[in-house]
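Chain lettering (A, B, C, D and E) follows the sequence in which the chains are written, and residue indices restart at 1 in each chain.
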Amino acid sequence: TGKIELLSAGSLSIILGNKVGESFEQETGITFHGEFHGSNAVMRFITSGQKSPDVVVSADAGLLRDELQPDYTTWDVVFASNSVGITYNPDTQVGRRIENGTPWYRALREADSEIAMSDPDLDPLGYRTVQMFKLAEEYYDVDGLAQDLINRLEIDPLEAHLLAGIETGDRAAAVCYKNMAVDHRLSFVSLPDELNFSNPEYADHYAQATYTTDEGTTIEGTPVLYNATVLTSADHPGNGRRFLSSLLQNRDILSENGLVVDDRFPRTDGDVPEGVLP
Amino acid sequence: MHETKSNRTGFNSVFGGDYTFFGLLGAILAVYLLYPFVTFFAGAQGNGISVADFTRPEVISAAKYSLTTAPISTAVATAFGVPLAYFLSRSEFRGKLLVDSLVILPLVLPPVVGGVLLLTGFGSFTPVGQVANSLGLTLTDSYIGIISAQTFVASPFVVITSRAGFDSVEEYERASRSLGKGPVETFFRVSLPLTSGHILAGVALTFARSIGEFGATMMTAYNPHTMPTQIWVTFISRGVYATLPIVAVLVTFGLAVVVGIRYSGK
Amino acid sequence: MHETKSNRTGFNSVFGGDYTFFGLLGAILAVYLLYPFVTFFAGAQGNGISVADFTRPEVISAAKYSLTTAPISTAVATAFGVPLAYFLSRSEFRGKLLVDSLVILPLVLPPVVGGVLLLTGFGSFTPVGQVANSLGLTLTDSYIGIISAQTFVASPFVVITSRAGFDSVEEYERASRSLGKGPVETFFRVSLPLTSGHILAGVALTFARSIGEFGATMMTAYNPHTMPTQIWVTFISRGVYATLPIVAVLVTFGLAVVVGIRYSGK
Amino acid sequence: MIRLDGVTKTYGGFGLDVDVELGNEITAVIGPSGSGKSTLLEIVSGFETPDSGSVFLNDRPLDGVSPEQRNIGMVFQRPTLFPHLPVRENIEYGTAISDDEIRDLCELLEIDGLLDADRSPETLSGGEKRRVSVARAIVTDPDALLLDEPTTGLDEPIRRRLKYELRCVLADLDIPCIYVTHDQNEASVVADSVAVMRDGTVLQQGSYEEILESPRNEFVADFVGIENLIRGEIRETDSGRTVVDTGVAWVEP
Amino acid sequence: MIRLDGVTKTYGGFGLDVDVELGNEITAVIGPSGSGKSTLLEIVSGFETPDSGSVFLNDRPLDGVSPEQRNIGMVFQRPTLFPHLPVRENIEYGTAISDDEIRDLCELLEIDGLLDADRSPETLSGGEKRRVSVARAIVTDPDALLLDEPTTGLDEPIRRRLKYELRCVLADLDIPCIYVTHDQNEASVVADSVAVMRDGTVLQQGSYEEILESPRNEFVADFVGIENLIRGEIRETDSGRTVVDTGVAWVEP
């Protein structure tokens, strides 16, 4: 028994915080504490010594590896993917056109209002949005599409705020992950695998699209891979491993909430300790 | 001043005069402040939020945590803030102007930044945090963490208002001292009764701020969830309108205390 | 009261008395409030933050946006909040208790929730937002959005303090009215001069709160970045200690105005 | 002339119901606290609106006329001198007047010594404050003057002197003056006529002598200070003659 | 007896430098405003600490003794009655005394009528407030009494009466009383001796008659109200004899 502290990407707050967390508590009697922020903020809290969770979950497998290895952990498990798509408010001009069968990129390009995206300088969803537009320009073969769409973008600070804009009537559409739209019961347009960053096999294709942050770092497109680890300095490492094991067995909950969990997962990196993998 | 019946205009000035000018200007701000609440509650109705949502376990749990922390934070802020205000009002020392200004710093700073600063001061790996850990206390993600965030952010209110009160009763204290009563007895028999209005106003503001504190709390004690943290969590996971029950409960508690203290003071 | 020289103890009460009791209790809170700033600034020094960082473009840009919005928000809150306070102090109408309580709601509510509510009221696709759009105004993610968030969160301060002031000068106003002066002239020649201290205190608090506003601003106007928003962005992208230059600038501006107004009032 | 025509006002448990006419003389309104004296002044001055009935000033109805348009001067229980203005600017607040006029007025009220330089009202004695507040009210040449216990809080000798002087100053104005007091002696010194109030109504109105001679009831008698009241029973009521049995032998000398 | 031994105090541009001894009598301290009268009281009462020198009360040094331990009563310019306590509790604030004692004291000060029930100090007249504040100070049986312009703000007749009565009450106490005033007439009525201050120093100290007879300089003469000062030039200074040329013929009658 005892407890476990999880620090996780915000897009998993319902899945991990409510569903997996609750069933884990019931099964094991271990008190579960989940805390959810943007993936970058999660890494920042750990590397600047302000938070010391047992388990860390990132919405960007590469980010976790770059920031936490080797000082904080030496391994991780990729357990799911997610797909990027478009959520929209059906009561707006953009929403009505999408529902009437207009291709999403035309509806957005000809929209009478701004489209929301996450901050590309702070958040993987933000730069993936830009990269997705670049991939779409080639995929649909529409000249200038990417720049047109980028010009229409308005930045919201955190993933969750994107959806607040849709719900409250401040935004017509936004680029987001599928599970977020599912959690908030919002309309969602799925994109082909070539554009949605969900398929690890397309890693090379995604990498063709890049984004350069205002700090000057160039980021290549990568599949949306959720990975998790138990920190070397964890207070409750045993509980952490039990939680990961429970997470890897609860594939149904993950897919019900919009994540992609198929036979490509889990994928491991480094020496995964005993008891994590099923 | 007695309340008068409303007359034809709907407004009835107690002065029998015409306050339209002020009423119109003021109404702009009043409407601006109230209108978002109306759209929010109206929107929530359209999104199927029902009375049953008020008894969801996370609503009750958050209310419990808020109601067991905000009063303690307010009590702590008052127990130490009133003496601090009194000391600042009565004593002269090198660097007083500095201390005097710095105690209002948390007011200027965004709470989330205050929370980050608190972590640099009291986080698990800081010297203070390690001493506390060795004593079996956790200063973050605990009752103590919540109270520490609320106290940091909200205590300047009771300090500021009490200080203004104490500044105005110095002469009465001199009378008491000349009648043989020491500083502590003078404080309790003269200064405190004469400034109770100021202090109560500060207590009300501190409580309101504590119960609504989110930014710093999110940093120092994301768990257990207080009402503001639960609003955030619900908002992230289930959307804007799902937060209505906790928003309503939070606003009700905060207002009840503020209004209660205000009218008891009269 | 004159300032006295410090004596052996370092503290020299202006009453020649012993305020140790209050000093010790108060010091606990003062140290608690100041210690996180010390650890923060000390940590930043160890992390190689230099004077050059104060002139980074994002620091200057954020300072510019904050200094061009917080004064406007304060002016707007004052221009409408003082008449509102006056109207509430002087008039009786059905539902007054309600309005009177509701104008302090934004104080109880976490600012980030206030921001969400503002979006439900003024977002682009809301009726108000559409009217504004058709006039070429954007109410969110713009100067107006920043000011709207700051005003929502900070205006209760000037309303509360002004109201307390106006409540105390009613008799003088009756005298003025009986001497043939109407409500508006009475307001400017009697009420305003007699309550200037209260109003200035409220203006200072409102400004401090506006310049430090983050929660609601983040929701209604993440762009352009004000100092608090930039602190958040810098924190996420470059870590705690990189925020030092903006934190220092923010705290300096906020304190300067609060202290300035406070001492000019004496 | 001030006339209150069927004026009523109710709030809380209290109700005012008044029907009186007050001429161009000094009328003292007396009565215990809570009898409605101050409410009466508030209705006449326009700071309270009656529930029904009207107030007339020189036959002009004051319904809907705001306080500043009534041209009615007021002297309050607390002197309410504007603390941010020097004494002279206080007096001239309602109207600017010439140096000579203000000098004459202030000599009359024995406050000419206070006009110098920028003397602040906070440095004045209690009596001086009252005098300045009277000067401030009458300098505007009002059509009526209301005084609400203007000598309260003063020490007895100052109070005595002030009331005699007020008597002289007010009598010269030749306008209706309502002088509220709870002190029947003060009423007898200052006023031409007296109105006795209780529970929101005017019990009796007339000259002090009239009321002393034939008080309408025991309360009035008591309140105006009649101490030789003798209780008795009415035995006969003939036309023009009442025989009262006081239980005391009465021998015509 | 109060002795100030080389007491100095500097702040801003002002400096106090005093060396005086005050016996068990009433000493009026007079001088223009800013001359250091109030600062002197603050140092004696312990609310200010001198930069150098010491204060002695009946030969006991008061260095480091806080105000409440000095047993020195004070009457302030503003009466500072505690507004949240009834009159009687104000008087008994420093010490609880028997009904008889408080009755006697209040009769002496003519405020026995104010002890009833829960009378609030806010309902008192200016003169009454002063009397209560004097009663409150002397009921504690102090070793010295300091009064800072205790008649300021009162109307002249009240002020006149109060100062005569204060004279009687204070003389009976047989302790040092320092009576600060800026009014030389008040000093002459109330005090046994006078100390004239200017610019932080005591220019001259002695009985009123002594000072009147031989003022040390023009300022003192002026301040104690000598109006028949005749300017002249010293012509000769013999042993025990000074010949002054006043420019006016002088004929021995």
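Throughout what follows, a residue touches a chain if its C-beta (ideal position, glycine included) is under 8 Å from a C-beta of that chain, and two chains touch if they have at least 3 such contacts.
These numbers were taken from a predicted model, which means no experiment stands behind them.
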Most distant chain from chain D, judged by the mean position of its C-alpha atoms: A
Chain pair, most C-beta pairs within the contact cut-off: B-C
Separation of chain B from chain C, taking each centre as the mean of its C-alpha atoms, in whole Å: 15
Between chain A and chain C, centroid-to-centroid distance (C-alpha), Å: 37
Separation of chain B from chain D, taking each centre as the mean of its C-alpha atoms, in whole Å: 49
Inter-chain centre distance, chain A versus chain D - centres from mean C-alpha coordinates, in Å: 81
Junction residues of chain D - those touching two or more other chains: 47, 66-68
Multi-chain contact residues (two or more partners), chain C: 3-4, 12, 14-15, 17-18, 116, 119-120, 122, 126, 174, 177, 182-183, 232, 235, 240
Of all residues in chain A, the ones touching two or more other chains: 50, 164, 168
Contacting residues of chain B [partner chain A, same complex]: 43, 116, 119-120, 123-125, 140-141, 219, 222-223, 233, 235-241
Chain A to chain B touching residues, read off their complex: 5, 10, 13-14, 17-18, 33-36, 49-52, 160, 163-164, 167-168, 183-185
Chain C - residues contacting chain B, complex: 1, 3-4, 6, 10-15, 17-19, 21-23, 25-30, 32-40, 43, 77, 79-81, 83-88, 90-94, 97, 99, 101-114, 116-122, 126, 128, 151-152, 155-156, 159-160, 164, 170, 173-174, 177, 182-184, 187, 201, 205, 208-209, 211-215, 228, 231-232, 235, 240, 243, 247, 250-251, 254-255, 258-259
Chain B-touching residues of chain E, taken from the complex the two chains share: 45, 47, 66-69, 71-74, 76, 78, 80, 82-84, 93-95, 133, 136-137, 140
Interface residues, chain E side, partner chain D - complex: 123-128, 153-158, 161
